[in-house]
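Each of the next two complexes has chain A plus one other chain: chain B in the first, chain C in the second.
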Partner chain A sequence: MTPIGWNNPRVRSFVYQASVLAAVIAIVWFFAATAQENLQRLNISSGFGFLDNTAGFGIIQTLIPYSEQASYGRAFLVGLLNTLVVAVIGIVFATLFGFLIGVLRLSNNWLIAKLAAAYVEVMRNIPLLLHLFFWYFAVLRPLPGPSESLEPLPGVLLNNRGLILPAPVFDAGAVAFFTAVAAAVAAGIFLVVWARRRQRATGKRFPAWRCAAALVVLLPALTWFIAGAPFHLDFAVATAFDYSGGMRLLPEFVALVLGLTLYTAAFIGEIVRAGIQSVGKGQREAAASLGLREGTTLRLVIIPQALRLIIPPLTSQILNLTKNSSLAVAIAYPDLVAVFSGTVLNQTGQAIEVIAITMAVYLTLSLITSLAMNWYNARIALKER
Partner chain B sequence: MKNPLVALIAGILIGAGGLYFFLPYDPLTLGGGAAQVSSGAAGDGAERASAGETLRRVRNRGFVQCGVSQGLPGFSSPDERGNWSGIDVDFCRALAAAIFGDPAKVRFRPLSAKDRFTALQSGEIDILSRNTTWTMSRDTQLGFDFIGVTYYDGQSFMVRKAAGIKSARDLAGGTICTETGTTTELNLADYFRSRGLSYKVLSFEKNEEALVAYDRGRCDAYTTDASGLYAQRLKLTDADANMVLDDVISKEPLGPAVRQGDPQWEDIARWTLNALLNAEELGITSDNVDEMLESGNPRVRRLLGREGAYGEAVGLRPDWAAYAIRAVGNYGQMFERNVGTETPLGIKRGLNALWSDGGVQYAPPVR
Partner chain C sequence: MAMEDVTGRPPPKSQMRASPVVWARRNLFSSVGNTVLTLACLYLLWLAVPPVLDFTIFSAVWSGTTRDACLGPDKGACWPFIRANIGQFVYGRYPADEIWRVNVVFGLGAVALVPALIPSAPAKRFNLIFLLVIYPLIALVLLAGDRPGLRPVPTSEWGGLLVTLVVALTGIVVSLPLGIVLALGRRSSMPAIRMLSVIFIEFWRGVPLITVLFMASVMLPLFLPEGMSPDNLLRCLVGVALFSSAYMAEVVRGGLQAIPAGQYEAARALGLSYWRTMGLVVLPQALRHVIPGIVNTFIGLFKDTTLVLIVGIFDLLGQVRAQLSDPSWTVPQGALTAYIFAALVYWVFCFGMSQYSNFMERRLNTARER
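On to the complex of A and B.
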């Protein structure tokens, strides 16, 4: 017979947990209500209605259509996308480069190993803000003004306003082309998966990679010609000071990605090194005695085992990079913090709402990243058989 | 207890109910409740900004906490030893002198354009004296009151002489550097949008970087208040290769702001500024203020506290204005010392001359 009422440990634990939750909710409520009351007393506007008001300011990099007449809500989206694009590109580069640094630090070549070590020590001991200023002004310094633009390739211009490329403009038949690309990639992936399953089940081999590659190249190429090359290039044209049209990579963007990548790669390098060194020497020797080559040993034996130790700290570096991208405003890159908790906050004065939204965004980004990385980590975790 | 959900909900209700009793007001009827609190708050509320509260706090603390810029020559900028100078700084000194009889009883808090309003709202500073434009939204939506205009300004552009730009219109298609969180950002958009011209804007958090970016040729122009342009130009590697355009694209009345809700503090700040302006009109300077105490002119006598009880009415000593004038001089002296033609900025009085000299500086009388 289970004890009744308070004597039942489960009842007790429910009551405790419920009370804690209730207290948390009540505290949050209390603060929200107090803030609301204070704002009203001080005559400070509050509420989220401002998101529909006209923004009235310009933004230099917009991945979605935006003009001064757009709303603050739209400006928020522009800033969010600018943050995401920097974060994603930064994460990819920092991870690749970090792995390279980590592996090089363990190189048998004394000079390479020491250079990698020096890189790590120098990069991670300089504050990120200085990295950004350094790279920003280092990127700007050698570049000429728009009137003396470098033209490394026809239609490609390089000056201190950015790297200007011809922009692809898609015509009517482009839909068919993109459908073909998507279909070819999907079919290619399916083919590879299928071939691997079959090989595991029956031992029969199939040149899946080669077939998939052929598919991905040939199918789109075919549609391309059938649809009659459904796109053209929009070349930049010179204006009084600058160029208009084309696609543009801003120096601010390049400096931010550079700074974030080089800084974070130093940390990732150390994580990778620690991960690799944690794999027992015996594994390496066993692989060698099976006749595996150095590269193959690394790829098939060491890295898969090291990954289990690398992923959790790597996750926090990825989160750091995303959060660090909020230093962008120092070099005028219009990320979420610059546009939303900078300009919008200042024009509306609604600090609490704006900061709450910004915090919610970073929290969401962090949670999504953590979930994805945890999922991956669980997948590669050691499976006891 | 089979169902954890029941326990959870019961717990939440009990917890919330318990807390509800301790709330000072009814959170469910916020709008009405808040209005009630602010009108009936005479008795309680040490933290409420009611009449006289700010002055009392400043007196207890022993100094005025004054929000200024991070370094804008002529308005508020520190030298190598950390001594501040400028019109905005002097205004705070005059305020401290009026309150304490001592212009040194003030501390300056450097603020970026982005952080200045939050600093005032949160009570970190008592007064914001930081080349801040008086606009309707700032006056009505941020919970502030502007107390007057210390400097009538307007937005303009700085360009390289070699670029051959004669007016702001010529900047169409160009890139313009500025500081984030300013009226400047919006005026710029208005100017180009209303003319159907395109432009690109780079908004920096601090004006140092904005200026370096302009200096390195990243932007075709640097824009802010004209006064700021004259000051910033001096920091460029080759100041003479740059010029400020004649175009003025906006009205930028710069003035100090205080938190709403303490009319006495607002009055003290407003009348300190008015006293400096009236002093110039009446010919009272920091040098002759002591002789002027004996003047027979009733307007002078009222301003300097020899007649009437004007200082007492705002909680200050009768000769509050005499202290303010002794500390920083009259408005004209303050202007000439900080930004006038004898200074590196070399700005003429222009709009900032007294109304009687063809400007628009006009202070209501002390009476």
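On to the complex of A and C.
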């Protein structure tokens, strides 16, 4: 016998859900109506038409052609690309450095392990914004002018206008060279995949990695000589009052990459350490008793199992780094938030549209990253019988 | 196995205290590679540590009352700058003759917090209720002074560490209950409630806090009726609280998932309602599981409070930046000194919290192993 009325859980569940939904709809309705009223009263136009209007302001770093006559939509794209370039470079450096820190923390060398631990504890307990202020206002901005540039590495200048790296210059034949590089890499991957399939099917081994490495080195080297050194580096030179040549990275950009990398690497280091430590001692011993060498044990036994634990938290760190790149606004690096939610919002006053677009961008980036990582995660997940 | 008499024999090698030389050979110079690494590390330390110590201690200026003391070649950190501005760093522009109110709030907080952190202290339930409900109300009345007998102090005059702690504490006090509700919602069997919780959590977790603060400071006024515009600090508090409750919800959900289904079933079999099942059986176990995660969220929240300076609120870091632009204290090494000081303050708070989280984790683990 089903209970009647309030005693029936399905009725109760329906009533609860309907009332919560009604409350949410009522709140949204109230805010939407108030917003419309306010917009009319303040005479703010709504809609996305403003994206076609002339921006009229300059941006200090543009990866695509941009001028003050360009539209707000163009400014949005410039800001988005600036965010992406900082995020991608930060992710690469932070992941590499983080893995290094994680491995060093497990070193059997006492001094190195302690140093890595100290690094992690210092870096992750200081707010990222303070990292950025430190690098930008206390380190990079007080540097001497171009005529007294520091030269940390030969050909690399560091002064208050930024970090000047050697710029690659492409001559005739560069296309052929890069085609050769791409072809060699593709052939190498094909070779490794083929060798692995053949070993699985027949048990015959083939020194695929060595052959692939030889291919990737030799083919481009050959093209390099045939094409007659198709590109060279243009080194910056300090002159009496300035410098010439090279490729300039803004101090804002350098500070942001440094801060994001050093801060996030501490978190990634802890993730890597936990992942490696989670692989049981028995696994190592079992591999040794099967006669696997140290390198093979690491490659075939330890790393695949550790990665399974490392990947999910690593993903959220990568997402954090992308979102944290929005702190750029505090040191005036022209990222999406600084350009769009800052300057464009101030000029147009269209707060709702601008903030909604900015948030949508970050939500999309989050979604894409987590989808990609979920796919990867499913691929390497433990396949239980 | 036959027992043999081991009295009088030396202890096994692994239990012997190694002499420093043996220890160093084992841990620092066990192979050629290790020796090279150790020497490289020592060289790096030699390069890095003396300049830092020199700047912060040996060449630093310790006495003096004006910037002149810090000018001159080869002068290190300018500590008189910190001493002269310490009032601003702690209280912001809070009126000087009302500062006792801030001190009372700080003192009361410390008195309530210490026993709450000690696991064996008595009256834990009352202590926590006081800390999470009554204390914030007392602090609000005392700080804002919106009562007869107290002079009102607008939030625009609050600043420094006071604002940092207010933002962090509000985030903590709001995010814990809201996060628990959201986590329960996400694991609810009712599809509409589950969906709303998922949308709420994933939205706040997918956007950076800066955009949330921008939204709170420029977009929120558009959504409220005319004449009802809460002040800047309150708007930021709303943003921070919603943002951190989404993160808290995910931590609590982790704890809920770790509770075996048998616990739910047993509670139902005893005839407990949903709220009693959760409140008396599931949540006490789940929350205890995730205390380290909750403390980690607090650490993240504490560090994130610095972001409010971007929307024009003077928290500790914002106040440090503001005092740096004071022309009567412009010295070349001012920025470095001020940021080292700020970093030290944040580090002490965050490192303290993380050590507490480690301590709780160890305690929980030993409890589970027993």
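By our rule, the second predicted complex is superposed on the first by the 249 of 385 C-alpha atoms of A that agree within 3 Å, B and C clash if a C-alpha of one lies under 4 Å from a C-alpha of the other, contacts with A are read in each partner's own complex, and residues count from 1 in each chain.
What we mean here is this: a residue touches a chain if its C-beta (ideal position, glycine included) is under 8 Å from a C-beta of that chain, and two chains touch if they have at least 3 such contacts.
Model, not experiment: these values are computed from the prediction.
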Determine, under the contact definition given at the top, whether A:125 touches first (chain B), second (chain C), both, or neither. second
Applying the touch criterion given at the start, work out whether A:209 contacts chain B, chain C, both or neither, answering first, second, both or neither. neither
Mind working out whether A:17 is in touch with chain B, chain C, both or neither, as first, second, both or neither? both
In the superposed arrangement, which partner chain does A:134 touch: chain B (first), chain C (second), both, or neither? second
On the A-aligned overlay, A:331 touches which partner chain: chain B = first, chain C = second, or both, or neither? first
For A:240, is the partner it touches chain B (first), chain C (second), both, or none of the two (neither)? first
In the superposed arrangement, does A:194 touch chain B (first), chain C (second), both or neither? neither
Please work out whether A:351 is in contact with chain B alone, chain C alone, both, or neither, and reply first, second, both or neither. both
Contact-wise, after the overlay, does A:178 reach chain B, chain C, both or neither (first, second, both, neither)? neither
Overlap of chain C and chain B interfaces on chain A (superposed complexes): 17-18, 21, 37, 39, 41, 133, 137, 329-330, 345, 351
For chain A, which residues are in contact with chain B within the complex? 8, 10-11, 14-15, 17-19, 21-23, 25-27, 29-30, 33, 36-37, 39-45, 56-60, 68-69, 133, 137, 140-141, 145, 160-161, 239-242, 244, 251-252, 329-332, 334, 338, 342-343, 345-349, 351
Per the touch rule above, chain A residues touching chain C in the complex are 13, 16-18, 20-21, 24, 31, 34-35, 37-39, 41, 107-112, 115, 121-122, 124-130, 133-134, 137-138, 142, 323-324, 326-327, 329-330, 337, 341, 345, 351-352, 355, 358-359, 362-363, 366-367
Chain A-touching residues of chain B, taken from the complex the two chains share: 1, 4, 7-16, 18-19, 23, 25, 27, 30-31, 33-35, 37-38, 48-49, 113-114, 117-118, 121, 137-138, 140-143, 163, 170-175, 177, 180-182, 185-186, 188-190, 192-193, 198-206, 209-210, 212-213, 216-218, 220, 259-261
Chain A partner, complex, touching residues on chain C are 27-28, 30, 34, 37-38, 41-42, 45, 189-193, 196, 203, 205-211, 214-215, 218-219, 221-226, 299, 303-304, 306-307, 309-310, 317, 321, 324, 332, 335-336, 339, 342-343, 346-347, 350-351, 354
